[in-house]
Amino acid sequence: MWTSSKLGEEVDRAGSLSPVSVIVGANQYGKSEVRMVAVDRTSDEHTFCDLNVGISLSGDLQDVHTTGDNANVVTTDTQKNTVFAFAKQAPVGEIEDFALRLGRHFVSEFEPIHRARVQIEATGWERIPVGGRPHAHSFTRAGGELRTATAVCDGQGEWVLSGIEDLLVLKTSGSEFHGYIKDPYTTLAETRERILCTAVAARWRHAHLDVDWGQSFAAARRLLLERFADLHSLSLQQSLYEMAKAVIEGESEIVEVRMSMPNRHHFLVDLSPFGLENDNEIFRVEDRPYGLIEASILRADAPPAGPAWDPYPLL
Amino acid sequence: MWTSSKLGEEVDRAGSLSPVSVIVGANQYGKSEVRMVAVDRTSDEHTFCDLNVGISLSGDLQDVHTTGDNANVVTTDTQKNTVFAFAKQAPVGEIEDFALRLGRHFVSEFEPIHRARVQIEATGWERIPVGGRPHAHSFTRAGGELRTATAVCDGQGEWVLSGIEDLLVLKTSGSEFHGYIKDPYTTLAETRERILCTAVAARWRHAHLDVDWGQSFAAARRLLLERFADLHSLSLQQSLYEMAKAVIEGESEIVEVRMSMPNRHHFLVDLSPFGLENDNEIFRVEDRPYGLIEASILRADAPPAGPAWDPYPLL
Amino acid sequence: MWTSSKLGEEVDRAGSLSPVSVIVGANQYGKSEVRMVAVDRTSDEHTFCDLNVGISLSGDLQDVHTTGDNANVVTTDTQKNTVFAFAKQAPVGEIEDFALRLGRHFVSEFEPIHRARVQIEATGWERIPVGGRPHAHSFTRAGGELRTATAVCDGQGEWVLSGIEDLLVLKTSGSEFHGYIKDPYTTLAETRERILCTAVAARWRHAHLDVDWGQSFAAARRLLLERFADLHSLSLQQSLYEMAKAVIEGESEIVEVRMSMPNRHHFLVDLSPFGLENDNEIFRVEDRPYGLIEASILRADAPPAGPAWDPYPLL
Amino acid sequence: MWTSSKLGEEVDRAGSLSPVSVIVGANQYGKSEVRMVAVDRTSDEHTFCDLNVGISLSGDLQDVHTTGDNANVVTTDTQKNTVFAFAKQAPVGEIEDFALRLGRHFVSEFEPIHRARVQIEATGWERIPVGGRPHAHSFTRAGGELRTATAVCDGQGEWVLSGIEDLLVLKTSGSEFHGYIKDPYTTLAETRERILCTAVAARWRHAHLDVDWGQSFAAARRLLLERFADLHSLSLQQSLYEMAKAVIEGESEIVEVRMSMPNRHHFLVDLSPFGLENDNEIFRVEDRPYGLIEASILRADAPPAGPAWDPYPLL
């Protein structure tokens, strides 16, 4: 439709052909996936944290979009540098605290920045045992899951989400599925015994910020696992609800849990062509398609969530 | 914290220790990533569509969560079957129309289902030329991008989003970045000439549903590419804004464009240790970290979006 | 056999321009990534294995390539079925034994099949503790690594490789790197202290097949980890060598270890622009590019490897 | 060299239990995935190449493994720097030529390095059309495939492989599969009409190095596509053979083609439960498991391949 890259013509064309008023709506920007390892060498027994930090800022950013005037832009490169410098200036500590430190910095130091969202994923490591004793500075990856934290800061308040991702769980028994709607497109057989397998992604919101984050996370993780294990499940939705409920009931500082659980389908293989019975023993695992169950479970008296759950990324 | 898997004790414990009322908030469920190819053989010149369909339903689903009563559940397996059967019962057509067909089905046929969100990704293919002529039934992948459509249906209304993903673009010139905030953590050098590279993800909303979807998509795609190309960019935010604005101004049925654009950083390599100058010629490409720019650009008079942009997935 | 509208021209052209004799060289085919879970319910304490099985067959397969005559083809679908049926007909047991059972079947039952390669990856799971006791049928993913086995069978012999993949390890101290070649393109600073991080992939060959596979794997894994931990490393090559050597010396049935270890670079962040020292504390982690170190370490008196290490995939 | 607190014990144990002689076998090391964009600004119509370069060296590297003496090590960091500097010192040109330039450098400049393998993947880009004219410096990704080149250099000779990866192709007709072996585990139905879909990975070897690489690649790519399209296929093996044969017959400088083609299964959906016929119209696409077909096709009089196909990576 256009042939020119010259600014003057551009303005002309816009003026004559497009009398619509185009505005900037919701927007945010920042540096994603700052991968940092910070080592604490104050003792011979080293410790370290292995983080993936994402920052997203919003505020008075109209002009950068409409005119390319960057006067209000804290560059994403500066955001990255800040992560590294902050990790040196004081111990990282719990990831919730580090996310808050970063978030407060951006909204307090830069007038045009009105809101900061900081998201952190932490990879777990454990000491390698050598001759029965944990090694002082050699480690191996602990589990396949990630611990996460999000802090949202604006002038008025601060919100923290804690969470876990890729926590794989599987039950070989204690899972049924029946009683659902049958329509002309329904072929699924009801079952009183199936494999239930999912990768738990959960994030939870707190009543206040005066939390022992490490203890709280460990308890929430344990409660999720225990309830998945000991619940006789009638649906993945029920498992989700009961797991979240266990966390809310067990940890008074947690007021809302949001979970996303894909149903990693394990289908019984039909062995009858080979003259074999399959008594819930042999399953093929399918990657796609998969059921996806998502819900927010919360205390009836939970305070408002503010911007804690605002979508990130936006799209 | 728990030691028992017996239902009775469970209830006891909950009763005595947890006098909190736990409720179900926002929730949705469905089948994700139904991969389907549907071939039209009505002519010797075959055509086909290659789709990845995701469905997400919400409604009267409290009991399935709290008691495991599945009476209101349209199973995700049935949802998958419906995709296949619908593709046979009538031509798939444009993906926006197919998403609407599916969405309307779920909200109209099942009383407990109050809202359906159907998302479709389409992979493009083009005929292989043989001896200068396009082959009748042999194809190769066209480009690396995906075309997307989303339909949201509830009792009251219908909303459609169209979009594109993984549209890679790069400029070797015509991109500057300067004038930003300098603070003690800023080390980035200002530049009047840099490589600008991004993977465009965009989704746009329509004023109404009486749209020639294929023509509209082609025009929006062309406008995005042309504006990226001919804009002399002062920031990735400005490029985003101008690209979205071009779509809104060029296609009157489109009232809002949301975009997410990672800054795929190309950094100048320092060749001075080797006695070489680097006059914007040699760049190393970094995967992480990356800037991420997200915004909604819309007509000032755009109608309300309803549930079109509600987060999916929820978490 | 052809449908080309220009068949004559094609043959002509081939006839006039290409009097070359084209033959089939090395070839193999089979089913890859058969994902199976097999549950043992003989006790209330369920056990299960979670496998990814790949099969590759070769033999008298010229005609299938040159004429499309499939008379000698055991279909990959049949191969998949065989995996499932075999898991039912007898307990899977150790993955090395299951790979051998499958490999022997294909070469003994099908005259045209002269060699079978069966590769298995096993995902580890561990019981979820509930109230301090391991649950009878609920599990969570154990670690991020995979245990692997390969069996190669032909008429003459059988070979088994055992292995491990994605075993992430990291040292915060005890790693130096210096004394290397300096040329005009060298800018790397020598260091007496760095983070060493890698994802160990290792496969090892056995002197014979009379091995307690489970015990042998556990010992090899422990030796790899211990040696990585307690070696003061002067290079990743040295670490690789010492780790493999520890396995060969510690487990007499293992005669060769092949390892591939990417150097997951952790680079010191330059904090001097911020007036901060970085005393080996703050590191940025880069994904690409990465060093890749690969070697075979073996007993001087190791028997010939036969086809054990033949490339798979071929390309 | 060690810091182990139990050095004595370690030596003791090794001494008493392991009187085996452990040696270093095949080994190689190098820098993988050097991502570089090199822009040619000599004309207003910019051109650029987008490369992913991997280098692997072998030679006199025993001591680095056994003692940690790095005197013979060209560091992988230096290898990376060399890629960038070479791209500045002379135009990159065809990727085969750039791979040869790099390979020759490492074996000629460093006495301990006896062999160099350089692998390059090139991502294709095309100019964005603006107002019908290709833009001078704005580009979008062309297709989803990669062009590849490998050069192997040692003191005695030089070998070059060219290739292509991720070339997706699909036929909606002209593909049969029948006449295969039926055994007790066979359930697959024979078919005279199916979808055939694969992602072609191919690499080819040349009779000599006096090749117009760009023209040769374009011709090979065209021949692969045309033969896939116009062959009425009786098996994926036959398609592979005929595609490779077309390349060898059509391009006299190419003497061997190796191909790896996964069978991306498209299975007919059973629509009979819904009272619908499925006349080869509706297919579900499965990711795993998949058939994998691999073969070398070559001229009967092809010269020896030397180290061209030596495994990389080793494991």
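The letters A, B, C and D name the chains in turn, as written, and every chain counts its residues from 1.
In this text, contacts are C-beta pairs under 8 Å (C-beta built on N, C-alpha and C of every residue); 3 or more make two chains touch, one makes a residue touch a chain.
As the structure is a computational prediction, the values presented were derived from the model and not from experiment.
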{"item": "Chain separated most widely from chain B, comparing mean CA positions", "value": "C"}
{"item": "Interface with more contacting C-beta pairs, comparing B-C to C-D", "value": "C-D"}
{"item": "Rounded Å distance, chain B centre to chain C centre (Cα mean)", "value": "36"}
{"item": "Separation of chain C from chain D, taking each centre as the mean of its C-alpha atoms, in whole Å", "value": "19"}
{"item": "Sequence positions of chain A contacting 2 or more other chains", "value": "2, 4-5, 34-35, 81, 85, 131, 185, 187, 226, 229-230, 273-274, 286-288"}
{"item": "Contact set on chain B toward chain A in their complex", "value": "1-2, 4-5, 7, 14, 17-18, 20-35, 54, 56, 61, 64-78, 80-82, 85, 109-110, 174, 177-181, 183, 185-188, 201-203, 222-223, 226-227, 229-235, 237-238, 240-241, 244-246, 248-250, 252, 256, 258-260, 262-263, 288-301, 309, 311, 313-315"}
{"item": "Chain A residues touching chain C - in the complex, by the definition given at the top", "value": "34-41, 46, 48, 50, 81, 84-85, 87-89, 125, 128-131, 135-145, 167-174, 195, 225-226, 228-230, 266, 269, 271, 273-274, 276, 278-287"}
{"item": "Of chain B, residues touching chain C in the complex", "value": "2-5, 130-131, 184-185, 187, 273-274, 286-288"}
